[in-house]
Every structure is written in structure tokens, then in C-alpha cells.
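Common to both upcoming complexes is chain A, partnered first by chain B, then by chain C.
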Partner chain A sequence: MINDNLIAVSILDSLNMLAGGLFLLTAFGIVATRQAKGTLTLFITQSLLLAVSAFLLGLRHSSLHLYGVALVNVVAKAILIPWVLRKTVHEEVYTRREIDQVLNIPSSLLISLALVIIAYFLTIPLQQAIAVEFRGPNIPIGFAVLFLGAYTLAVRREAVPLLIGLLAMENGAFFAGISLARTLPLLVELAIATDGLIIVFITGVLIRAVHQHIGTTEVGAMARLKERTTDEALEETGQ
Partner chain B sequence: MNVIILLILPLAAAALSFLPLPRLASVVTVASSSAIFFISLQLAEQVVSTGQPISVFPKWIAVDGLSVLMLLMIAFVGAMAAFFSLGYMSMNSHKPGRLRLYYANFNLFIFSMLAIPVLVEPTLVWIVVELTTLCSALLVCFENTHEALEAAWKYVVLSLMGAAVGLLGFLMLFATMQAAGGGTYTWDGLVAAAPRMPAVLLEVAFVMILVGLGTKAGLVPMHTWLPDAHSQAPSPVCALLSGVETTAVLYVILRLFPVLKAAPGTHAEVYAIVFGLLSVGAAAFLLLQVSDYKRMFAFSTVEHMGIILLAAGLGTSSAHYGALYQAFSHTLTKSFCFFAAGAALLAVGTREISLVRGLIRTSPVAGASLLLGGLAIAGAPPFVVFLSEFSIFRAGLSEGRFIEMALLVLFIAIGFFGILQHINQMVFGGSNSDAKLKVRLPASCLVVLLVTALLVIWLGFYLPEPLHQLLRLGASALER
Partner chain C sequence: MIERIFFNLLQVLVVLVFSPLVAGVINRLKEIVQSKRGPSIFQPYRDLWKFFQKDEVISEESSWIFRATPYIAFITPIFVTLLIPVLTDYPLFFAFMADMVGGGFVLALGGFFKTLAAVDTANPYGPMGASRTRMVGFLAEPVFIIVFFTVAFVADSTIPYIVQKRWMSPPSNFLEPSHVLLMAAFFMLILAETGRIPVDNPSGHFELAMIDESKMLEYSGKGAALIKWGGYMKLFVLLCIFLNVLVTPWGLAYKQTFGNVLLAVPLVLFKIFIFILVLVIIESSLAKLRLFRITEFLGSAFVTSVAAMLMRLFSL
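Now for the complex of A and B:
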């Protein structure tokens, strides 16, 4: 009996590890995919993997909370967020291909790899500080995806991939969170999911306004606001 | 009960603002924000007279001395900004539909800010901090110009990036609490569990929250979005963004100080002093070279956030008192500055410092307000910011922090010089006289300018006893 349990736990742990690996892989995909629509698909996959990991951890620790988290994630991120995005953003915006990133893709991927290694080493002291049952692959992978999301925001310029980068950062925080904060009240989880929807809605409206008034979807390339000297200011106003 | 009404009022006002009746939105907004101000005054009086926190749902909603101080600040600037909007928004001919949207967003923004000090569950506080960004984003880009949209985009992306880092910080804080044997996850619960917390975990959580929320509070080097957003938004919104939103986010960081103080082996003070001095220093030099007067006030916000954080990092009770006094005086003065900047913008129609000369002749009201605001925010006596900065200085010196205080005074002096040089040129500089039209400022703007100016001057001469009590009570919440 005890043996059976141990085997079940170790299988669940390996499956969770697999989900974590794939989760990390989607973050690499978000850094490298040119097609805006492709990043959205990757984000949906990523959120489903987050739900899978929450479900597996729920089985592992027999915690109802985590089943709730998994469900909330599937509904909010795999169904509602893409729907809201489609409603608010113009079709043209997310069918675009991004030609020029700040860095080329191979070097981006190398830097991403370095970020993952840094995340792994950064979390070693943390893993040692927390209780044994909270340890696991979720923490380093969560940190790594948080970093990769931030990196995506730094190098991409198209509106939709940038928004996906933001959401990926939040997914990363959550991926670590389901292992760290297992007993967080479900009300809070629901509120955070709703918050994600509002993020997509507001950002979508903003992207649409930029598209309408400036006629670009490369929001990351806007750079009119900066410190200027008096002469430049005078020149610009034509005086 | 009052606390709940406080949260329902702005939501109801936001819903009513959407109704397509002429002028309903503005009237409802002014009425609800005035009511919110009076309710906050009453709550403040209750907390000060009993000395006890008011808890509605102890695990979720409670109000202590520090919260009530924040509530009062938010409610005051909210009411003033609502009045100011009345005249200011009618001067720029917007379509009625856009105006309704403005007021609805305005009320939602007020709601999200009021919720920050009222909630006591840290993750919920994180959510409302995020909501402040989302509710104000459409206000920042309200003018729909290239610059405004760019500013709003930077604001949203950087704030949300910070928020994601902060979220992981708050989840780790929760884990830290579990590692210390659990308890209710509230600000008080955290302080109670602090002595048993593992230092590494708590410190990493704190740094992540400091960096994450510090982005939104405008701490250097995460401040880059702030001067853009705070200069492009309509002026009443700038008053809210600069005057209270940044302070409200800083309040969340300050809430963690007693936790780290009670936990052995952690060093919140070091981070606070480093980030604080860095912000004050960088802002002081940036103030010298700005070319846009709204950006100038925005950089001065970065400077003041640095001063507050530095004061909180000094760690004694008199320094905590100074930090809150500074937060209060900054809120009051900065909102006045942005109202004055709004008046100047109405009068001359440009944000460029170099294009505004001899403002005192073209528009005496705007010119005088800008001069007064510049002097007050730069820290000249006899205004309220001078008194609060002096109290921090005194607290620092009595602690023997000579190097930090010397740097602080140096940076403040540089900032003072920067601000006054620009203000002086704008207000008194030789007029380039190409037929500036004299605009009559709307009455509501004049009233708001007068009320805030009188407060800035009056509180510069003396600190009323109830306010002193409130600040003491707030400082004791940072102490514990």
C-alpha cells in the first residue's frame, strides 16, 4: 500500500516535471515566433500546461484548491482571454508578422537560455529555505518564464506579442505560485483571473486606439517622448 | 459600515456616469467625490479619537491609522480633481460621449485607489494596485494624441511588468508565512508571524515587491514611464496620478517595513536608503534639464518618492513620522502644482517651458499659482513641504546618519535650483509677446486653486493637532 502510494507520487512528480519542461518551452516559443497569431496559440498552450501542472500538484497533495486553480486557468486564459482579444483588437493586428526584432532570433534564444540558467541558480537558496513539500521544479521554471516574459517585452515591437509577453510573465509568477502558495483562498485566484481579463481588455482598447490614431501596430517602436534640449523643442514646434 | 459605503459610492458614480443625460456624469462625480471626502474625514476622526482600528471583515477589510491617512489624502485630491475637471474638461471641447467615458473612468480610478488602504489581504491589495493602472490607462491617453497614446502604452506595459514581479513577491510572502507556521494572511498577521520567518525567503519576497511595485511608485531606475504618463494625461488626472497614486503604491511597500523589522536577519532599511537616495539624486539632475513644465513636476514626484522611502528606511519612529508627513505634504502640494500647470496650459496652450515667458502678465492667476507651486514643491519656507523635509532631516541627524542627510540636502538643493530656474523663466522671463490671448479660467478651476493654495500656505505655518495625532498614529502602524 505504502509502496503503491510512493510510486503514484513519483509518477505524478515526473509528469509535473514534464509539464514544467513544456511550459518553459512555450516561453522560448513566445520569444522566437514571428507570427503574432502564433504567440497567441503558444500562450493558450502555456496556460493549459499551467492548469495541468496545477491539477497534478492537486492530485499529489490531494488539495481541492489546486483543482479550482486549474479550472479557473482553463476558463479564463484558454477561453476568455483569446475571445476578449479577438473582440477588441482588429484582425489585422494579430495576423501580422514581425520582421525586425531588436536582436536577431538566434541570439535572442541564446540570451533566453542564459536567463533560464540564471533563474535556476537564483532559486537554489530559496528552495533550501522553504519547507520540503513546497519544493519542486515549479519554482525555478516559474522564475525562468517570468524572466523570459520580461525579455520578450524588451525585444519585441508588435502589439500582440508584447501583450502575450506580459501575460506570460504573469503565468510564470503563477507557475511558481501554485507550488509556493497552495492554500491561497479561491476568491483571490478568481480575482486574479478577472484581473487578467481586464488587462487584455484595456490593452486591447489601447492597441486599437494606437492603430486608429497613429496607424501603426509596432507600439514598441514609438519613441517620441524623451528629454529634449530647448533647441530641439523649438525646432519641432517650428519657431 | 462607512468603509463599505466609501467603496460603493465611486462604483455607483461610475455606473451613473454612463447614462446618456447631459451633464449628469460631471455632477454625479463631483457629488460622490465630495461625499467620499466627508466620509473619510469622519473615519479619520473616529480612528483618531478612539485610537483603535475599525475592522469590518477582519480578514479582508480593516482601517487603521495609516490607512485612514491614505484614505484622507486620496479623497481630498479626488474631490479637488473632480471639481477641477468640471471647468477644465469643458474648456477643451470634447464630445459628450467621450466626457461620460472620462468621468466613468475617473470614478473607477478613485475606487481602485480607495481600495488600496482599505483592504488588508496582501494579494487583494496587489490586485487593486493593478486595477489602478488599468483604470487610469484610458485617462492617460484621453487626448488620443501620438504622445498621449505612447505614454499610456509605456505606462501600462511597465506597470504590469512590475506587477507580475510583485505578484510572485506576494505569493512568496504567502509561502514565507506558511513556513513560519501559518496564520491569517493580512498585514497584521504577517507582523505577528514575522519572528519565525526564514530570512532569505522574506528578503527575496520583499525585494521582488519593492522592485515590482516600485516600478509603479516611480523609483529610479524603474521610473522611465512616469514623466511621460504624468505629463500627457489631462491635468486633473495628473494631480491624481502624481499626488496620490504613487504614494498609495508606496504605502503598500511601507506596510512591509514592520514585518521585516520584526524578522531577524533582514535588511529592509538598506534597500530603502539605496533606492531612496538613487531616486532623489537622479531626479534632482533630471530636474535641471527638463523642457516641459508638466514633466518637471513629474520628475519632482520621483524625487519626493525617493525622500519618503529614504525617511522610512531610517527606521526610527520620528523618521517614520517624517515619512508620512512628507507623503501628506507632497500629496497636497503636488496636486496644487498640477492644478496650476493645468491653468497655465489652458492659458498658453503649450507645455514647452521655452515657449512660455512672462506668464504673470498674460495670465496673472496661472502665473502666480505656478510660482507658488514651484516654490512650495521645491521646499522653500514657509510652505508645508519645507516643514516635512525639515522633520526628516532632524530625525536623520539625531540618528547620526550624516552622510545620507548630507546627500539628501545636496540633492534637494539641486532640485530646488532646477525647479525655480524654470519657473522663474516662465513666470517673469521677457515676454516674447506674440499676441498671447488672455483666457478666462473657469470658476471651478479658480476655486480649486484657491482652496489648495490656502492649505499649502496655512499648513506651512502650523500643524493642526488632529493631523499631528493622525500622523503619529500612522507612524505607530509602521513601528510595531
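Now for the complex of A and C:
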């Protein structure tokens, strides 16, 4: 009986690690994918994997709260957020490819690898500071995805992938969080999810407005627009 | 002892006999997907037979490298066959002669001589294909090395027979993330290394776009047959490493009896058939990448393999 239990726990741990590994891969994918649609799909996969990990940890520690986290995640991030994004942002944005990232993709991937290694070394002292039962692969992976999201924010030049980078950061923080705070009240969870939804909604509307006014959602091109003063603009139109 | 030597030679025989069949089945399935009938699955055997009947033409300007290459390309996969589990899950006579890194070296030696032979003739397409192969090769090399490092890190060994045991007991080892990510990275490597579709088009006939095929344009007769057969065997050997060591370490002979070993033959062929189905789906649904996009493809393979190693670190 005890032996069976041990085997079940070890399989659950393996599965959780596997979800973590795939979670990390989707973050790499978000850094490297050119198409906005592709990043959105990867984000949905990532959120589902986060939910899977929460569910498995819930089974492992028999914690009802983690089931709640999984449910909230699936509903908010895998269904509502993509739906809101598809509704608010113009379809044309999704079909376009982003050619001019700040760095080319292979070097981006290498830098991302370095970031993951840094995340590992950063979390060693953290792992030692907390109680044994809270330690696990979730913490370094969560931090790594947090960093990769931040890196996406730094190198991407299209509005939608930037937003996805921001959301990936949140996913990473959550992934680390579910192994630390197993009895987080569901209310907090819901509040965060609603927050994320509203951020996506506002940014989506903003992207839509920018797209309508300027005809592009390339954030990289917007620095140039800002530098032109009113006088120069008037001169150019010949007034 | 005698038995083990015999089984080892039986493995070589299986690889020799069945490797053209694998190529034939791939071609036939691809044609079926394109709603054509396609050639018979035994066509590669007929091709080889035909090539062996024909006279060989060798350029006067070529050196001994050009003449020796077909034999080297034919022999190297056979050497690797001696090292890897094709039919049995217990180590055979030659199993400890070299590890996976050694096997990789031997396979790379065949590739190296093929590249040299392509440069050796004055055919303009040969050197072009050769330099492209080198480009794919040096991008694939770091992935290979990291995959072997990770295997050694996880399984504490690079002997394929021992590595294979590691994934089976206890069964939760099979689901280990480093294992799953290794499979993904190794799969991408096989596609690149055997010139399959996202990297190279094996059935393309346009010399300017060729990577792997253009190296053997100058060969005829027996030389062409040996090189082709060597290519089939290389694919077969890589599939055996991938399937028997990494993906499905089950279904191999575990008893030292003749019947048990023979029973493993259809099982291994079945596994390879399933893999071929996946390969055909990929080849029929993806387009060949532009040459400079190969960097991104192998870059993602590299990231996957390093992620596999990192996942091992995370779980310690």
C-alpha cells in the first residue's frame, strides 16, 4: 500500500516535471515564433500546461485550492483572453510576420538559454531558504519563464507578441507561485485572472486604435513618429 | 559467447537486408499521400540490383578518395550496427567496443569522405552540395554533443544498451522531462542528418537546391549502388538508435535463444513502420526551409537539447 503510494507520487512528480519542461519550451517558442498567431497558440498551450501542473500538484498534495487555480487558469487564459484578443485586434495583425526583431532568432535563442541558466542559479539560494516540501522544479522553471517573457518584451517589435510576452511573464510567476502558496484563497486567484483579462482588453483596444490611426502595429516604427514635432509636420504638408 | 557473436552478425544481416525496404516504404507512402500509386516497395532492391549490373565510369581527374568513398560509406553504418541494440536488449559481443559518441564519429567519418569525394570531381554541383552539408553539419554537431552529454548525465553511461535500460526501470523514468525533450531534439537531428524535409528534399531533382543528393551525382554502377545502400543503412541505423534506445525501449529480445531474437525482427520493423508514418506526415505537410532558415531549425533543436539538460539540473 505504502509502496503503491510512493510509485503514484513519483509518477505525479515526473508528470509535473514534464509539464514544466514543455512549459519552458513554449516560452522559448514565444521568443522565436515570427507570426503573431503562432505566439497566441503557444500562449494558450502554455496556460494549459500551467493548469495541468496546478492540477497535478493539487493531486500530489491533495489541495483543493490548486484545483481551483487550474480551473481559473483554463477559463481565463486559455479561453477568455485569446477570445478577447481575437475580437479586439484586427485580423490582419495575426496573419503578418514580424521580420525585424532587434536580434536575429538564433542569437535570441542563445540569450534565452543563458537567461534560463541564470534563473537556475538565482533560485538555488531561494530553494535552500524554503521548507523542503515547497522545493521543486516549479520554482526555477517559473523564474526562467518570467525572464524569457521579459526578454520577449525587450526584443519584439509587434504589439501582439509584446502583450503575449507580458502574459508569459505572469504565467511564469504563477508557475513558481503554485508550488509555494498551496492554500492561496481562490478570491486572490480570481482577482488576478480578472486583472489579466482587463489588461488584455485595454491593450487590445489600444492596439486596435493604433492600427486604425497609423495602419501598423509595429512598435519599433513608433519611435520615429514621436520625434517629429508639430512644426516639422506642418512644414512637410506645405503650410 | 559464440551465440553473442552470431546474434551480432545477425543484426548486421537484418540491417543489410531490410534497410532498402524502409526507403521503399517511405517512397510508396509519400506517393499514396499525394494520391498517386507510386513504385513498388521493393523498387530500391531492383535499383540496387540494376546498379550492380552496370559498368562504372570514373573521371580520370579524380583521386583515390573518389574510388574509396563508396566502400567507406557502405562500411561505416555496418560498424555502428555492431555497437547498438537492433534486436536484443542485452549487450552483444562488440557492444563495448565504442559508445554512442564513438558510433557518431564512425557515422561522421562516412559523411566526411562523401563530402571529400564530392569536392574531388570537377562537377560544379558536388562542391556546392558539400559546402552546404558542412553548414548543416556544423550546426547539427553542437546538438549531437549536448544530446550525448545529457544522455551521459541522466543515465550515467553512453553505452546504448545501458542507456536503454535506464528509461525502463522504474517506469516513471520514461516520463522524465529530460528524456522527452531529448527525444524531440534527437528527432530534429535525424531529420537534418539524413536530409529529410524541413532541411533537405530527398526526392528533389533540382541540382541547385540539393544538399545531400548532389554529392553522389558523379557515381555510377557499383559505386552508386554502394553509396545508396550505405545511405539506406545510415537511416536504418539512426532509426534503431532513436527507437530502440530512446523512444520505445520495449519489444527487443531478452532471452539468448534464436527464436526470441528472430521474434524481435518483426517487432522492430513494426516500430520503424510507425515512425515512417510520422515521417511521411511531416514530409507531406511541411515545406523545405530556405537555406538560411536551417539555422533557426537546428537552433531550436539545440535549445531543446540544452533544455533537456537543464531539466535534469532542476530536478536534482
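Throughout what follows, the second predicted complex is superposed on the first by the 221 of 239 C-alpha atoms of A that agree within 3 Å, B and C clash if a C-alpha of one lies under 4 Å from a C-alpha of the other, contacts with A are read in each partner's own complex, and residues count from 1 in each chain.
Rule of thumb we're sticking to: a contact is a pair of C-beta atoms (placed from the backbone, for glycine too) under 8 Å apart; a residue touches a chain by one contact, two chains touch by 3 or more.
None of these values were measured; they are calculated from a predicted model.
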Which superposed partner A:105 touches (first chain B, second chain C, both, neither): second
First (chain B), second (chain C), both or neither touched by A:209: first
Chain B versus chain C as contact partner of A:117, first or second or both or neither: second
Contacts of A:58 with chain B and chain C, given as first, second, both or neither: neither
A:141 touches, of chain B and chain C: first, second, both or neither? second
Which superposed partner A:172 touches (first chain B, second chain C, both, neither): first
Most chain A residues touched (candidates chain B, chain C): B
Chain B/chain C common contact set on chain A: none
Residues of chain A touching chain B in the complex: 125-126, 128-131, 134, 142-143, 146, 149-150, 153, 162, 166, 169-170, 172-174, 176-177, 180-181, 183-184, 188, 191-192, 195, 198-199, 202-203, 205-206, 209-210, 213-214, 219, 222-225, 227-230, 232-234, 237, 239
Complex contacts: residues of chain B adjacent to chain A: 121, 123-124, 127, 130-131, 134, 137-138, 141, 144-147, 149-154, 156-157, 160-161, 164-165, 167-168, 171-172, 174-175, 178-179, 198, 200-201, 204, 228, 232, 286, 289-292, 350, 352-355
Residues on chain A engaged by chain C in the complex (per definition of touch): 7, 10-11, 13-15, 17-18, 20-22, 24-25, 28, 32, 105-106, 109-110, 112-113, 116-117, 120, 137, 140-141
List of chain C residues in touch with chain A within their complex: 170-173, 175-178, 180-181, 295-296, 299-300, 302-304, 306-308, 310-311, 313-315
